[in-house]
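All remarks here apply to the structure that follows.
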Amino acid sequence: MEAIGKRRWVIAEGFIPSESMVNANDALLSHETACILNCGDDPAKVAITVFFSDRDPVGPFSLTVEPRRTAHVRFNDLEDPEPVPRDTDYASVIESDVPIVVQHTRLDSRAAEIAVMTTMAYPGA
Amino acid sequence: MEAIGKRRWVIAEGFIPSESMVNANDALLSHETACILNCGDDPAKVAITVFFSDRDPVGPFSLTVEPRRTAHVRFNDLEDPEPVPRDTDYASVIESDVPIVVQHTRLDSRAAEIAVMTTMAYPGA
Amino acid sequence: MEAIGKRRWVIAEGFIPSESMVNANDALLSHETACILNCGDDPAKVAITVFFSDRDPVGPFSLTVEPRRTAHVRFNDLEDPEPVPRDTDYASVIESDVPIVVQHTRLDSRAAEIAVMTTMAYPGA
Amino acid sequence: MEAIGKRRWVIAEGFIPSESMVNANDALLSHETACILNCGDDPAKVAITVFFSDRDPVGPFSLTVEPRRTAHVRFNDLEDPEPVPRDTDYASVIESDVPIVVQHTRLDSRAAEIAVMTTMAYPGA
């Protein structure tokens, strides 16, 4: 399929709660995700930069999304160059060498139940 | 009414939980939906392609949205060429031969209560 | 302030649950809202058309948003030419004679707790 | 990094519940937030104007987002020229002298659990 999307996306919200509901399995742990679709025929080399309120940005976190594949990237799982801190406001810029589409999701299970929210990221260019 | 929207839309997030709250009726079963509006005067022939993280895309799932009608298509109900697997990350591209508008929704009742989220899909072209 | 936005907006999702939590006050009744901002200096004459899956569209529902005012219009409260049915899939097109911005929200209290979701409407023109 | 975004954004929805769940800590108090990312190299001088349904707009609320920083601004915390009233419909226009990205979030803990919602703001210009 023809590549769809943009090469640069912004998610201005970011916050990974350190707490989760009792007995949460992996799917129900509090998490934030950048859902990336690369529907084109070339691999997407993706670089994520994370911004904070009170210190310099961290990154790039690098990954590849293969052709005709989706990757739902949990910010919780980013480790290189350093983990994303919990209970901390952040924002992110996602850059790719080919067009992709990025959608942002949070599952929040700090209370006894879950809450979810989603939005398309902002297509910067 | 004049047709409004685009011919190609992307939803990068996709995940149908296999679990639902106890005694959920059909409306409260965990589900994901592509809400499609065809406000124009011609039928919309719609083709949905579903992408995965670890295998080739599946589709097209084909349907028609009649003129001046909305169709709230549950991914749970797609069966041809094959059902959308539960508890599995996916993404989707929705193509139409006339302009339509697509909005994505998830109702998640894995916990004892419900959570909901929505966003406009990304208008690809 | 200079007018901001577009003259035509689409919300493809629509569903007003007929049920609400026990003892819900008016704010916590299950509802769907079109939040409209008219930040310009002229009144906005707004016409809402509601589309269904199995019958012809209904409308226009007419209202005015005064200059430099917001109106959070509950679909639950629309009555002329007819109420919006509960537990029924719908979609809507919102037209204005001056630029406005439209954001869609649902508060869902069918279960014992509340769930909320929001998205910008799709700016058609 | 090169500046990304727009200089004017609109959030048409606004409502800060006066109530929160019992024993809510600061993070779980009912609140609405404008998450702002200034990924460029110049400070962003930001002015927020708040609109109501039945009276003239209030503002500007002024703040600066430093270069390469994010600010998650709670409407609950705005105080100058006056606090944003609770349990009241409002909307907001966010203006900046350099490009920024704005995402809107509400955490609602009026019931015993939390609900969350988010959307990109509307990029006005």
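When the chains are written out, they are named A, B, C and D in that same order, and each has its own residue count from 1.
Basically, a residue touches a chain if its C-beta (ideal position, glycine included) is under 8 Å from a C-beta of that chain, and two chains touch if they have at least 3 such contacts.
Please read all numbers here as calculations on a predicted model, not as lab measurements.
Between A-B and the choices B-D, A-C or B-C, the pair with more than half the same contact pairs by residue number is B-C. Of all residue numbers used where subunit A meets subunit D, under half belong to both copies. The two sides are thus made of different residues. Seen as a C-alpha superposition, subunit B sits on subunit C after a turn of 90°, to the nearest 5.
The chain pair with the larger count of C-beta pairs in contact, out of C-D and B-D, is C-D. If you average the CA atoms of subunit C and of subunit D, the two centres end up 21 Å from each other. Per-chain CA centroids place subunit B at a distance of 30 Å from subunit D. Counting partner chains per residue, subunit D has residues 112-113, 115-120 touching two or more of them. Within the complex formed with subunit D, the subunit B residues making contact are 113, 115, 117, 119.
For subunit C in complex with subunit D, the touching residues are 1, 4-5, 21, 27-28, 33, 35-37, 39, 68-72, 101-103, 105, 109, 112-120, 123.
Those residues of subunit A that touch subunit D in the complex are listed here as 8, 10-15, 17, 49, 51-54, 56-57, 87, 89-91, 93, 104, 106, 108, 110-113, 115-122, 124-125.
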